[in-house]
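Structures follow.
Okay, so chain A shows up in both of these, paired with chain B first and chain C after.
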Partner chain A sequence: MELKDKIKAIIPQAVFSETGELVVTLLPDDFRRVAETLRHDKEEPMDYLRDIVGMDWGDALGALYYLESTVTYRRITLKTSTADREQPFLPSVCDLWKTAEIKEREVYDFFGIRFLNNPDMRRIYLREDWKGYPLRKDYDMDSNPLDLDNEVNSDTTEEYYLNSDGTIKGHENTVFDRDAFVVNIGPQHPSTHGVLRMRVSLQGETICKVDPILGYIHRGIEKLNEGLTYPQTLAFTDRLDYLSAHQNRHALCMCIEKAAGIEISERAQYIRTIMDELQRIDSHLLFYSCLVMDMGGLTPFFYGFREREMILDIFEGTTGGRLIQNYNMIGGVQADLHPDFQKKVKAFIKHLRSVIKDYHDIFTGNVIATTRLKGVGVLSREDVISLGATGGTGRASGWANDVRKHHPYALYDKVDFREITYTEGDSFARYMVRMDEIMESCKIIEQLIDNIPEGEYRVKTKAIIKLPEGVFSSSVETSRGEFCVVLESHGDKYPYRLHYRSTGLPLVHAMDTACRGTKIADLIAIGGTLDFVIPDIDR
Partner chain B sequence: MEERSVGMEIKKQTAIRSMKYEEFKNNDYLEEMVRELNRNGAGVIVGAVDDLLNWGRSNSIWSLTFGTSCCAIEFMALGAARYDMARFGFEVTRNSPRQADMIMVLGTITYRMAPVLKRLYDQMAEPKYVIAVGGCTISGGPFLKSYHVVNGVDKIIPVDVYIPGCPPRPEAFYYGMMQLQRKMKVEKYLGGVNRKEKEPEEEK
Partner chain C sequence: MTLDYYNLEPLLMYIHTSLCGVMPEWLALTLEGVVVGVIILLLYVILAIVMIYMERKVCAAFQCRIGPNRVGGKGGLLQVPADVLKMLTKEIIKLKNADNFLYNLAPFLVILASVLTFSCLPWNKGGEILHMNIGIFFILAVSSIGILGILLAGWSSNSKYSLIGAMRSGAMIISYELSIGICVLTMVVMSGTMDIQMIVSNQANGWNIFKGHIPAIAAFIIYLIAGNAEANRGPFDLAEAEQELTAGYHTEYSGLHFGFFYLAEYLNLFITAGIATTLFLGGWMPLHIAGLEGFNAVMDYIPGVVWFLGKTFFIVFLLMWIRWTFPRLRIDQVLTLEWKYLMPTSLVVLLLMTVCKIYGLTF
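Let's look at the complex of A and B:
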């Protein structure tokens, strides 16, 4: 049964968008009913909430909900809004999808929309004393000057609920009790992979609760995008998750190309796919180096970086950049491949295959490593789906969620590769997924590298790119999960709203579930295997 | 350099072994620092002790790891075998500001991070140096117009060396770090940079 018909059967007055992608517009109360029905559907439960995208349409504030079923992999987008700008309220869906807990906080932080029945309505990226909601269109950019006073974090939060007589009431929830022993980790801590800050409450050595505090690298990219033309917006994607620079940019280019109806050449598709996979190897090598270093081993760090430098050399030859390459463009890629590219890539893969055994010899079988990783920080399959923890973390718990397999883009439907899944869901499985994926990426590159067709690497596009009205989205599998671009266009040369699905936000949110009951000493190892990059979370 | 060391003036080495003096840009500000030093007069013995101390500390700069985003990954590459910071004596990075000589600001500083950076800088012991790495720390870079990005760390803390790039290449890191070494070498240490901070006023 078509999803459209299913929704029509529940709510006959649902509105379906005519331009852009299919978006189902619903009233807040209807939305809640549709969400519940779709979530608890017997044959096709929509159990993966990909993203909640807050929106300000001027006359209304609201959100888009991107849903996907883990059984059939079909997708649907719901939209709901409220016209009240002073006291906007929407129903929460955090009892249906756990990931909504943190995503609704993000929407509240940026748009001021409060969610009824969400137990935690604190700000997440901005300071608690921040005035106004920056992603609203009427936000005054100068209203919050730089404040060098140290920030105080409150231990309480508010929850709002609807009374039976229709009035909205609030009550206070505690994040940490007065008696709780709270240890602060970060934001300047070498093992949190960036500027993540966590407040951890302990009972002896056992972790009771992890409360992540984000925003230490919140750069306001989504707001900046609204003032930039489409080609200009590309530059920021590389700086989100800099270890998935190619893939992030690939997603945005794909989204704009899809909306503008630009067909890119076969050669560009090959180049993009190969670059994406090289980037994945690069990221996983860095993951290996950092994880081992966090756990106290220094030698493997040099191993990982030795091979990583070879990839960076290949990148540099073609793109000119080492870490941030700025390579994908709307309509293809910026420059043609370096004449030595194929030779170097083949030599690199041959080399990597010969040395990967050393990686496993020095760390994988090590008794200290296995004791610290096996059976620690277990996430069940239900947990990862509900938390929306995609990528290697999800696959380590048995959730087959690889976008490359289930929603193929570029050339991924033409190449043969295995989707690595484990069932243990512990730190060791998360580590092994990534190590195995390195080999799968090598396999993909080997299938493509000799067959790159001749042709132009970039098709000519108009000097000024204008997209038709509507909501567009595209998603790719980056090094650490599903990265999704949501673009709302009002027909201008600027996006009306350009949102990125953070791959790391659900992973940081998963810290609480994974760490509860484990020892404080395992916190860093669990964080290391979840493999998040903070600038991508904070955006 | 030879003509500058006339009479009782102290001779200051602005050259370092790894690179020729002429190959550096902005030599003039170092010359100005040397002139400043000589104008105020410095004893020959104190000057000689200064030189020894400066030689030591400029070749073992311990940096505080303060990576917030992209540039930090390039800094990690510096620590690995290919670029090998240890050749210059930079390889010791400290996670506590109390033990660090220098803070390398690697990546965008946002409004939420700014008080933290200021506090870390205040916690460092004198003499302390700041290197601003990358476009974001120098001016806000691509995020200049953002509502949450500090437009240059020099608005919060004094900066000694700027390394432009997005992110800078490892070679650029070294150039910047060598500039800092040269600056350290011409400074007056005793009674100079080691006593920069004002004495706290005594409570009566």
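Let's look at the complex of A and C:
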């Protein structure tokens, strides 16, 4: 264990988990040193912070940091905590990983842990006048009656830092200056793809700063999960990123199966993989439609929807659902494939291959489209890694981050497909990545569709599923990036904590970096190419 | 010339003289003015309804859809009148912090500009409504009033979206007016007159686009692009870019006030096409091919107004085709296109046309 040795060399008293995934428990001060060392390692920099998961263990508040190296793709989890429940402070890592800026806000919002040196410690999902921290175990559920007053957004935010004498001081940072021309976009806006709200300061038509304000569709899914049995928690995953409904649920099922030691049948693996890829095509077709419509081309919008409808019909035949399918179950899938499934899928792929040229004819080669997309909203490779912008957005900037390739699950190690990467990092590259991925998904499905083995589609599981104690996680490549489930079990039939890595949160966070200096029209186009889905961000 | 079959002038003169026979001339003139005014406004509304219906059907065809098909029989013929009725019943909302006088004035300025320009179109031989020897000049002047309405609407609404939309529109329309002006000037140079009826009758022996060959075709294309921008239509609809600014300068308008903007937008499209028809495609002149006498004679039997409407709707169709195919431009690209490409090109075209004219190279 090379990573273990590395950490032991710095902090000899670090505690390593005995079983399961490698989790390193550290004191807050040691944690910061380990994080710095791992981040700046020469051969294997842990430069991608997958997620920060806040936790309340009763006696301590803390967080799990999921790290991955973009060179070797090895993963490690750091864990740190503070026993102070009144004034919990942890060191911020937002100077090492930019994505921590927004993820630490999430932890602060739910657990009240303040991060030293994070410049922006506002609430993120809840109202600014919210009382208490809802994911703490001692949170009083009656403490926040429905508030119908208008929420006023403050233009300042607090930053905390450690003084040289060991005391903690705070000072105010400004979000928007008093004389900035701030335009509000959303939450009710034709092209924010849901109830996203952004405050944008402008200089003429040029964007100076984008400040996303989230939480308009926050349903507290992570809190709700703590009171549900494992099979019940499944229902929420489809309602996160509804264009990756199947893949999200796949991740949670995989995680629970892994923890419970359930082995699923080969047939179920085939079905899950094919459904994942159909879902990906579905999502990318919608991406095309919406991007084109955001840019004012209304005709191609219908092209994408025409083909997407065929996929939804296929879904409906087998699962009964169109947008939200509720198909994956612990131990397999809910029902066997429809007898027509293979025939319809093959016909669909044949049809899609014949019409995809129209898509490119009307939009990809159009001079207006290319001038509006090329060179606009450039994110460098360092940017996307630091921001944790996975999926097509990362791959467009040259970061090979496909979970299917680097941490294969289901049948992805058995099929042959290409990981699409571009190096430009602009809107056009992000668009092309998705268009090419449609074809790759077709290829994957074609390799599988004729070879689905006979067998049971679902293995029998116990009526009440209890997971052993421990922290479990699993990740999948959804239509728009890495979706990750983190599950802490204390041996009950309910999860102690169930956290989802939002694929869209880093993408929304990337808006500010990508949009500065561009025009308002570009903001919409960049938002379209980043391709986020709001219910997945707000959870 | 057999064209006089459909000349409206003798009929109109007959009406005028018989009216003068029973009443003093000033009363006859006033009465005629009122009647013509009512006809213009009716025509304006009817054409708008036709255009909206056409747009919905054309766009549906491009988008693999059927379009309106329920209200009023199979073709959905009554859909647009029903929408108009709905619009008429909507409340006109008063804004709290808006500049009420300017806010209410703006839609009238827009519609005024549109109606005035509309009145100058040559419908038929002897069928022009406003006839003056500087007709082209008049058109260029009154069509510019519209932008004032748009700017006022954006400013007085007290909304940031409206303001940005109005500024975009202002920057764009004022820029593109240059190209339009120069293109129109090119054709004035060719025809040697600013009188609209004269420009049309000069095309009796061939449409300008054929007579003026290369410079005329170039001017025609530039005019169509710039005219599309003037009418605020896609790919130049960034003033009301729905995806960015919800509805741009008319975000805050409701009911009939919004209806005025909507109406003017469609009629401006018709006017743009109508002027293009007048300047380049021979107005109400039938298509003649030299040498085919029989064919020409048949063409002459089609009334001028049919020719005019046919050509105009053909251009309207072209513009709709463009709108429903292209994505929207960005404001800096719109201005670059005008100032770096269209305007210099149109100046060159004007020069070319002048040279052609001087050396007698036009037909």
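Side notes on the structure shown:
Quick note on the criterion: the second predicted complex is superposed on the first by the 536 of 539 C-alpha atoms of A that agree within 3 Å, B and C clash if a C-alpha of one lies under 4 Å from a C-alpha of the other, contacts with A are read in each partner's own complex, and residues count from 1 in each chain.
The rule is short, and it goes like this: a contact is a pair of C-beta atoms (placed from the backbone, for glycine too) under 8 Å apart; a residue touches a chain by one contact, two chains touch by 3 or more.
Remember, it's a predicted structure, so these values are computed and weren't measured experimentally.
In the superposition on chain A, A:L146 contacts chain B only, with no contact to chain C.
In the superposition on chain A, A:P535 makes contact with chain B only, not with chain C.
Residue contacts after overlaying the shared chain place A:D294 against chain C, while chain B stays out of touching range. When the two structures are aligned on the shared chain, A:E205 is found in touch with chain C, with no touch to chain B.
Of the two partner chains placed by superposition, only chain C is touched by A:K519; chain B is not.
When both complexes are overlaid on chain A, the residue A:N366 reaches chain C alone and has no touch with chain B. When the shared chain is aligned, no partner comes close enough to touch A:W57: not chain B, not chain C.
Looking at the superposition, the partner that touches the larger set of chain A residues, chain B or chain C, turns out to be B. After overlaying the two complexes on the shared chain, residue contacts for A:I217 are found with chain B alone; chain C is out of touch. Within the superposed three-chain model, A:R239 lies in touch with chain B and out of touch with chain C [touch as defined at top]. In the superposition on chain A, chain A positions 189-190, 301-302, 306 are in contact with chain B in one complex as well as with chain C in the other.
Those residues of chain A that touch chain B in the complex are listed here as 125-127, 134, 139, 141, 144, 146-151, 187-190, 194-195, 215-221, 223-224, 227, 235-236, 239, 242-243, 286, 289, 301-302, 305-306, 308-309, 312, 322-324, 534-535, 538. Contact residues on chain B toward chain A in their complex (touch as defined above): 65-70, 72-74, 76-77, 80-82, 95, 107-108, 110-116, 118-120, 142-143, 145-150, 155-156, 166-167, 169.
Across the complex, chain A meets chain C through its residues 181, 183-184, 189-191, 205, 292-299, 301-303, 306, 362-363, 366, 368-369, 371-372, 519-524. Residues 59, 62-65, 160-161, 164, 168, 234-235, 237-238, 241-246, 324-333 of chain C touch chain A in their complex.
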